[in-house]
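In the two assemblies presented below, chain A is common to both, partnered first by chain B and then by chain C.
Presenting the complex of A and B:
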């Protein structure tokens, strides 16, 4: 692609000055596309200073971290860029979390399919805790690299908490639901676990106005494990999902949401989230 | 791969795709000057030219992987730059200050491979023939044939309807053909 012909100096300087005329100008432009030598010669006629200014702007923008796929998806879903950045920084939205979740669920599905009653107990133990753990790891000093930034930025902590909770539920619940649907023999259990899951998530949110979300989630998980474990020992793990208890989970969830609202209203700024 | 001053443009692009800002700087040094001049010939607002230059190289930074290693990197860069210019100037046609006339919006076929023939001719007789075109027709020929814009993009750049671009281009080609076959002299 090397050209043997080159534009002469006078022609090039007239071109750069904008006085080469339409035809000569067009001719030079076509030549420049193919000729590195003449491109370099054009550069000698172009003042360097304005180009440096533009380069500085390019460099500054190029060095900003590129948005992750999660951020881009959130922006497409209608969040502003800064909201998307903060939401996507939640540890429970990272690829590693989702991969871990998928692995756990695959294991659960296998155990339910081949493990009989014990497998069912295992499913009941794990499924409702997935969103709870996700919510716990969506916010807080233990887990969030952006936590200090978030605390010092004039950004409502409540908004961040709720946005992230919504994002976590939106990513983890469908995965668990999908798992429960492909596993045979779960019937109503495949959906009944959603009630304790949502109730416990609300409890963790409400409790996080007093203590760290991870602590609240641990307490909830221990309690739930005891309940499922004892039910499985005594009779049948599905006993934790009797209609009476399901109504109880509903009440628990509603109560937790009310407590959360009350706590947030009384203390609307970020102190309530330790 | 480490790109340096001796690397060719495709190697630099590959390095840019791998996140090498130094390679982007080398590309910028090589191509920003002529791009700035060429953009400046199409737009008389220096700050718009700067913005377009910035957009272009940021697009290269993000999309370098899209470069399919055929043809000239320079032509690819110009393709990005002139389209950024089109979208930047949408609605700001005072920057171009080209007169528009009321050519009847006749249906014309899409610009064809014939345009490429025009391009391939080294400017001999064609040069003088081009000079005899009216400025409006020359602007259309420049935008479509030389700058590689579609009729719609050229219309946006020049602030005229797409059909007018096609009509003028068709007329310009007829003129040139007649002129080159000795009909006008």
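Presenting the complex of A and C:
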């Protein structure tokens, strides 16, 4: 059906701008449904800029990645958005890694619950090494495919490593502590494994100024496995947590932190790490 | 008047477990595009890694953008002004194209999200990847991934652009587009282009450096190098066993390089590839440059 009249330019312009008023607006709208001539003309009055702006917004929303849950948590913890992006990119903070870690710890807890002395040895073997492995997976050529190109960027590698280490400790240690709560026979003193865990993490950080973090972590893990294994064979795995040894772990951790500070002052990450 | 040198190397030496990768290399680079040619193992990648400040030389003096890259402050200042595309570039598997460039932009100290995202879009547009920005990198083709690598190197309009095999895996159409991009970059930046593609060097560079076994064999104009092969390239009906290289061309004639006027042959203009082959002698991999 064709209309017998056509809306004039001013009416169409006011309609498009939304200022035609309720009665006139409804009238023009009804007319447009029947009149192809006016429908064709109305497009002339629709400003192009808003369409471009809307399209640009859609494009941006599609392109820009949404912050991951890890990034959001890091921002809530006080990190800037850009630092959170860098920290969350560490493999040891990804969901898959954390799920794997939780699974491993669940398995450890079950083994300990049913394994008596051997189970306890198993727990003491694994627990202090969890943050160590996390630190090793936080930074370096073994875990970061874009490591070399990242090294040529101005963001300080030491800052990145320390930020990721702090995040790894903050996520992995509570998981291990929670696991230890379901282990029967562990009293409060059993949480002493936190001392070697922190000391070993500091040792890996300090050693990574000379060698790859993965190499340092492997050496630490082998040393700890020998110590726990020997203690379990000779007497009791808990012998690795005697007061004397705990004092030794404290000293080791302090020494590692001092070495790390000295090495960072000399900017070791400007040198070859690969 | 010559611009001040962007790169100034004196006596640079680097060894890996007894093998000398670079031997007392002296090099000065100024704004413009310089090609770096050489067979595999010549030391090209080692040289680029030293210039990108990711590898320390065993001996020699390095000055980049007027500074020695020692100590955190000068090192950071140099890194702010350089872009680097390594030969083998890995990508985090889960990242989208946009997210990876965004990540690299943060490492390059673009902390404010608004300007950073604008810069990410700018470099993705430059390498014709705007359409695949939201795609995961693992879903891209090899050539597209190479362009993602190039895009991150272009962040912040670097004054020193170090590119190791930028056109590997890129199709001919995209290669032409990348040449336009690099030629524009060479107008304001110092671009060092390491490649096996002599045609890229011939098309883009006014200067070429040929490295072999850690030493510079040639450092000069492209035409200068091409001229060294004048009168030593012939087209004939048969291959010449005495030639440095000989292959059948699309016209059915054999191109004999490095020989003296075989009977019944006609002289032809040499290319950069011919000159490169002759310069390297038996060290050149014929299949490599003829590919």
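Note that the second predicted complex is superposed on the first by the 211 of 274 C-alpha atoms of A that agree within 3 Å, B and C clash if a C-alpha of one lies under 4 Å from a C-alpha of the other, contacts with A are read in each partner's own complex, and residues count from 1 in each chain.
FYI, a residue touches a chain if its C-beta (ideal position, glycine included) is under 8 Å from a C-beta of that chain, and two chains touch if they have at least 3 such contacts.
Owing to the predicted nature of the structure, the values given are computational and were not obtained by experimental measurement.
Student: Using the touch definition from the top, say if A:174 reaches chain B (first), chain C (second), both or neither.
Tutor: neither
Student: I'd like to know which partner A:103 touches here: chain B for first, chain C for second, both or neither.
Tutor: A:103: touches no partner chain.
Student: Thinking of the overlay built on chain A, is A:57 touched by chain B (first), by chain C (second), by both, or by neither?
Tutor: Touch partner of A:57: chain B, not chain C.
Student: With both complexes overlaid on chain A, does A:65 touch chain B (first), chain C (second), both or neither?
Tutor: Once the two structures are laid over each other on A, A:65 reaches chain C alone.
Student: Would you sort A:116 into first (chain B), second (chain C), both or neither based on which partner it touches?
Tutor: Neither partner.
Student: So in the superposed three-chain picture, is A:16 touching just chain B, just chain C, both, or none of them (first/second/both/neither)?
Tutor: first
Student: In the overlaid three-chain picture, which partner chain does A:29 touch, first (chain B) or second (chain C), both, or neither?
Tutor: The answer is first: A:29 touches chain B but not chain C.
Student: Per the contact definition in the header, classify A:39: touching chain B only (first), chain C only (second), both, or neither.
Tutor: After superposing on A, A:39 lies in contact with chain B but is clear of chain C.
Student: Using the touch definition from the top, say if A:223 reaches chain B (first), chain C (second), both or neither.
Tutor: Neither partner.
Student: Going by the contact definition given at the top, which residues of chain A touch chain B in one complex and chain C in the other?
Tutor: 62-63
Student: Mind listing the chain A positions that touch chain C in their complex?
Tutor: Going by the criterion above, the answer is residues 60, 62-65, 80-82, 85-86, 89, 94, 144-156, 267, 270-272.
Student: Under the definition above, what is the set of chain A residues touching chain B in their complex?
Tutor: Touch residues, chain A against chain B: 1, 15-16, 18, 21-27, 29-30, 32-34, 36, 39-40, 42-43, 45-46, 50-51, 53-55, 57-59, 61-63, 66.
Student: Please give the residue numbers of chain B that touch chain A in the complex, ascending.
Tutor: 9, 21, 24-25, 28-34, 36-38, 40-41, 46, 50, 53-54, 57-58, 61-62, 72, 74-75, 78, 119, 122-123, 127-128, 130-131, 138, 142, 146
Student: In the complex formed with chain A, which residues of chain C make contact?
Tutor: Touch list, chain C to chain A: 49, 52-56, 69-72, 75-77, 79-80, 82, 84-86, 89-94, 96, 98-100, 102-104, 106-111, 113, 116-117, 121, 133-134, 149, 152-153.
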